[in-house]
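Here come two complexes built around chain A, the first alongside chain B, the second alongside chain C.
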Partner chain A sequence: MTKEMKEIKASTPIAVVWEGILLLPIIGIIDSKRAQEIMELALEEIARREARVLILDIMGVPTVDTAVANHLIKITKAAKLMGCECIISGIAPMVAQSMVNLGIDLGNIIPCSSLREAIACAFETIGFEIRKISK
Partner chain B sequence: MPVRVKSKQERIKIRNNFDVAEATLAAQRLAELAGFSRSQQFMVSTAVSELARNIFIYAKEGEVTIRILERDNQRGIEVVAEDRGPGIADVDAALKDGFSTSGGLGLGLPGARRLMDELEIDTKLGVGTKVTARKWVEA
Partner chain C sequence: MEEQAAAERVSMYVTRGCLVVPIQVELSDELALRVQQDVLHRVCRGGVSGVVIDVSGVMVIDSVLARIIFDTAKMATLLGTRAVVSGLGPGVAASLTDLDFDPEDVPTAISLEEGLRMLEGAVSEEEEEGCQ
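For the complex of A and B:
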């Protein structure tokens, strides 16, 4: 692993939410090089953990233009080929409006406005449900 | 209708992805100053992100100038993205959804046009490209 890969790995932590569910928060500027590295890390983790759902949280990405969207779509397509569904969370209302105007189609990606909703949706995908325990 | 240029303007050299991000932030700042709503500020900054990134992708370097305009009590913002790159061979195609010569989504220029009110392209092969986009604050 190169020094840069290590830095990316440090700045792009992948958390295991539950068996089969991975959470990848993306923070900061995504350029093609970083997107490629995020993709490699994500796919590696998906294979290693046999993940069935990957949650990409983009709340920390300041601008989602077509280049950024294209990178996200590529990551999710590759994940899908490995049998892993992708959920995108953290799309702010203003970002959503701009994306619509740009004409970006997220295709098969399941969008969720909040991380809470994304986690609930991920559990549902692997056959779990979150409910309050009665005391 | 006379269009006046307000004194406020920013010029950002585009050479890498960080410059693209800086232009995006400057656009949002000026759009806020011009009186755009939060969501409209975002549309302006996203459009600037597209135009600045195009400079970086196709021409390697160039310049983005953002200024506040004024006409008849109405304020607006103007973005000029200029480069001395290869130029655009087919402007009509470049403005169509899904057309890209760089393997992108092909939504950058048409998307930027939808995000702004006006968008003009002045380009010459082998000389360069100048994209001028304007958006007005709704009265």
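For the complex of A and C:
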């Protein structure tokens, strides 16, 4: 692993929320190079952990242009090929605006308004439900 | 050369009603087409309610090969089974996405085990329906 890869890995932590659920928070500006590296990391992690759901949290991404959106779609398509569903959460109003204005089709990505909803959705996908226990 | 190609075959086996096709060799287009034929003939013979095509042993899959593999799954679905493609690695998935490959609703699984688990639900559902 090169020094650059290590830096990317440090800036892009992939958390295991539950067995089969990975959370990938993306923070900061994404350019094509970083998106490519994020994709590599995410796919390797999916294979290693045998994940069934990947949550991409893009709350920390200030702007999304066509190239970046395409990269996000690419990550989800590749994950789908590996049998892993993708959920995108934390799309900021500005990002939603620019995505629609740019005519970006998110395809089969499941969008969720918040991380909380995304996690609930992910649990549902792997056959769990979150409920209050009565005391 | 042709004889050698003819001798080359991918073995497959049936476990609990699922046909498992573990591909552990680098595929040529011809071999992939032969696997396709073998799978469909085996499904036709009956006793199979699910098919898992496991490609975890294949390091290189181009768009033509991928099309053959995913088409095989679709064809098996037409023959009344559930079909899953399993074991696509990160590299293969990334390159197929770069090639704009479309899996067209064929379900995929991360591993053979996961693929069998996905089919297990379908098989037991069918059995339940049969009981009612």
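Following the convention adopted for this analysis, the second predicted complex is superposed on the first by the 135 of 135 C-alpha atoms of A that agree within 3 Å, B and C clash if a C-alpha of one lies under 4 Å from a C-alpha of the other, contacts with A are read in each partner's own complex, and residues count from 1 in each chain.
In this section, a residue touches a chain if its C-beta (ideal position, glycine included) is under 8 Å from a C-beta of that chain, and two chains touch if they have at least 3 such contacts.
Because the structure is a prediction, the values reported are computed rather than measured.
Participant: After aligning the two structures on chain A, examine chain B and chain C and state clash or fit.
Facilitator: Fit: chain B and chain C sit side by side once superposed on chain A.
Participant: Rounding in steps of 10 degrees, give the angle chain B-chain A-chain C taken between C-alpha centres.
Facilitator: Superposed on A, the angle at chain A reads 120 degrees.
Participant: Considering only touches as defined above, state whether A:I46 meets chain B (first), chain C (second), both or neither.
Facilitator: Second partner only, chain C.
Participant: So in the superposed three-chain picture, is A:T63 touching just chain B, just chain C, both, or none of them (first/second/both/neither)?
Facilitator: In the superposed model, A:T63 contacts chain B only, not chain C.
Participant: Once chain A of both complexes is superposed, is A:K77 in touch with chain B (first), chain C (second), both, or neither?
Facilitator: second
Participant: Between chain B and chain C, report the minimum C-alpha distance in the superposition, expressed in whole angstrom.
Facilitator: Minimum over all C-alpha pairs: 10 Å.
Participant: Shared contact residues on chain A, chain B side and chain C side combined as an intersection?
Facilitator: Of chain A, no residue contacts chain B in one complex and chain C in the other.
Participant: Would you tell me which residues of chain B are touching chain A in their complex?
Facilitator: 17-18, 21, 24-25, 38-39, 41-43, 45-46, 49-50, 53, 57, 97, 104-105, 107-108, 110-112, 114-115
Participant: Name, in rising order, each residue of chain A that touches chain C in their complex.
Facilitator: Spelled out, the residues of chain A in touch with chain C are 39-40, 43-44, 46-47, 50-52, 74, 77-84.
Participant: Can you check the complex and tell me which residues of chain A touch chain B?
Facilitator: Residues in contact with chain B: 29, 31, 62-67, 69-70, 73, 93-95, 97-98, 101-104.
Participant: Going by the contact rule at the top, pick out the chain C residues touching chain A in the complex.
Facilitator: 86, 88-94, 96-98, 101, 103, 107-111, 114-115
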